[in-house]
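Quick heads-up: structures coming right below.
In what follows, chain A forms one complex with chain B and a second complex with chain C.
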Partner chain A sequence: MGIEEVKKYIEKRKKLLHEVKELIIERLGLDLIPEEIDDDSPLFGMGLGLDSVDALDLVVGVEDKFGVQIGEGELLAFRSVNSLVDYILNKEGGNEDGTQE
Partner chain B sequence: MEHRNKVYWAAREKAIMFYPKFRIYEFPEGEETFQCLSNLVAGRVFYLEPNKMLHSLILDEDGKIVDIVYVMMFEDKFWLLTSYDNPKVKSYIEKVMSGVEITELTDEWKIVGIEGPYSWRVVKSIISWDIVGLPYLRFLESQIGDNEVVVTRSGITGEYGYRIFVRKEALEQALQKISEFEEFDLAEVTEDIYDEMFHLLSAEVRFPTYGYMVDSGGSPIAYELRWMIDFRKESYLGKEKIEKMKFEYEKRLVGIVCEEKDLSEDEVKNIVQHGKIYIEDLHVGEVKKFLYSLKLGRYIGFGLFNKEWGYAGISEYYIKINDRKINMKTVSTPFFVTESNNVTIE
Partner chain C sequence: MKKLSFTSKEIQKMLPHKFPFLLLDKCYDIEPGVRGIGVKNFTINEWFFQGHFPANPIVPGVLIIESLAQLTAIVYLSKIFAQDEIGTNQKTFSEVDLEKVAEKVGYLVKVDVKFVSPVSPGEQILLHAEIFKKVGSLSYVKVMAKVGNRPIAEGRLIVSERE
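Our next item is the complex of A and B:
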């Protein structure tokens, strides 16, 4: 990619990051705004401190909003907003397991 | 090198033992203590309850990081754990907690850390079955022999982690008990490799450790530590600046993975000290951390990027040192999922 294409990629990623943060807030009823959630902080344990029930709720939300199917063993994609965005982008790009290359 | 590698793999596959370095301050329970602690620490102090702990930040008036701390709430007191060798933090404590009785316990209590995917087996053998159900950032009060101990579930490597607080006169007995554990070899993080080891282990999972991952004076927004801040709280040190910073900031810290595996010692040193990140001819950031991950078998680190360029998933960046270009890519962190995610405490 040239510099202009990288800029386009960044715009796409920024939009997706914002949408995923909005989804997390809405779906889990968090008293936060997207600017108060880090791209890379963990969703579970430290970080946002979500639990396994929240994870299932998020799976449904992500599948509905972004049209991707998340397999049973793929919950690890939810370790941060960033890794969730990687997953969605990779699925969009035709990488079936959604993992980073 | 052999000892270092042995300890590293023990941390990632079994368990390690070490002596965490904290300063411990005690405050009596009470409304005034609660209020003062809430002003001192940026996180959700009011969410605390007995046997729960909070991992958060002390900020200065400019919203910059002074220290990363833990607050532990007992039935009748609080403990504040600060970095051991942070010269600034004590003056902030004395200033904000001025109406509260402060007792420093650093010399009275010793701390033993046990961390790794099977660390719970070690702790269970010396404490009791009670630790099996101990959630992250909770603690329990127990005994080793006749001596009281406090056991927290907290770590910095992304693996299961425990801290055993024991009065100094009972340390020997606690260590004796630990040495009786025979299920596997518990590797000790000796002083000569302590900093190097925890620098690497915490960086691999982006765990915010003061002095390794996070420097004093850094921005909690650039470091992506918003999760340690309670944005709804009425007041705390630095609140006014933080409110502004969350919308207006200049830098972002992003994980980087080096595409090249063969770098000389001098090149690595040079990258750590002077590494600048470019795309084509445009300078977009600086290398903040650069170290060799044994688990990934490659160099990883963090770049402090100008805000508009600091995003994961970009392979077009390179590090420039002297006239050499070293290819790298930005990635989501943690850099990998730790073994503890596959292990159930039982």
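Our next item is the complex of A and C:
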């Protein structure tokens, strides 16, 4: 993978991280700005403290916004913003390290 | 699967709700677990018009939400009538243990609804509910209400079922 591809991947990931945080804030009505949500902080439990109702709302929001279909067994993807972005990028046909099939 | 309809009598058997909080008169085009249409008539004699408001009777928005939630309950409760996914062996009321049905009604958990136009005595609202996604016992429901062609409310609810 060349330097240009790596740069593109990093930009894409940064953008996606930001969009996911914006979606969480907007969809769940949180009083936060994207910069206040840590990439690795747990969404449920001790991090943002979201609950199962927020989870469902978020699942529908992610499906809508990013055009993915999330199955019931795939909810671990919602562990953190980072894991969610990994999931979305994977679904779009790429791998975690940014290489394309 | 054949679409189902329920009369007021049947709705009263399925839902635990009773007067003064049964806000669904009849329903039809019910696709169990998926979507359905309901009807609620409003008459000047409703208990809430006395206070809401004396000079200007308007149906409280929260009660429209409640009607939509009750329709949603009928949509997921009616799954009991479908014996299999293809729906070739639908059960009838006499074959189903109705006491078990009302037990499955859960709670209204989240509401995000916009009200576009008020409803007055003498009007009939048409209610639409579509269960968009279900995760565990929670269902995400798209809802809409109108009087004739006039939009009244639209938005989404999240409801729970007792499994």
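A few notes on this one:
Going forward, the second predicted complex is superposed on the first by the 93 of 101 C-alpha atoms of A that agree within 3 Å, B and C clash if a C-alpha of one lies under 4 Å from a C-alpha of the other, contacts with A are read in each partner's own complex, and residues count from 1 in each chain.
The rule we apply is simple: a contact is a pair of C-beta atoms (placed from the backbone, for glycine too) under 8 Å apart; a residue touches a chain by one contact, two chains touch by 3 or more.
Because the structure is predicted, anything quoted here is derived from the model rather than measured.
When the two structures are aligned on the shared chain, A:56 is found in touch with chain C, with no touch to chain B.
By the touch criterion defined above, A:41 reaches chain B but does not reach chain C.
By the touch criterion defined above, A:79 lies against chain B but remains apart from chain C after alignment on the C-alpha atoms of chain A.
Between chain B and chain C, more residues of chain A are touched by B. The interface of chain A with chain B does not overlap its interface with chain C at any residue. Those residues of chain A lying in contact with chain B across their complex are 1-3, 6, 9-10, 13-14, 31-32, 35-42, 45-48, 76, 79-80, 82-83, 85-86, 89, 100. Touching chain A in their complex are the following residues of chain C: 109-110, 132-133, 135-136, 138, 140, 158. Those residues of chain B that touch chain A in the shared complex are 55, 136-137, 206-207, 224-227, 229, 231-232, 246-247, 254-255, 279-280, 282, 308-309, 311-316, 331-334, 337, 341. Listing the residues of chain A that touch chain C in their complex gives 52-53, 55-57, 59-60, 63, 72, 75.
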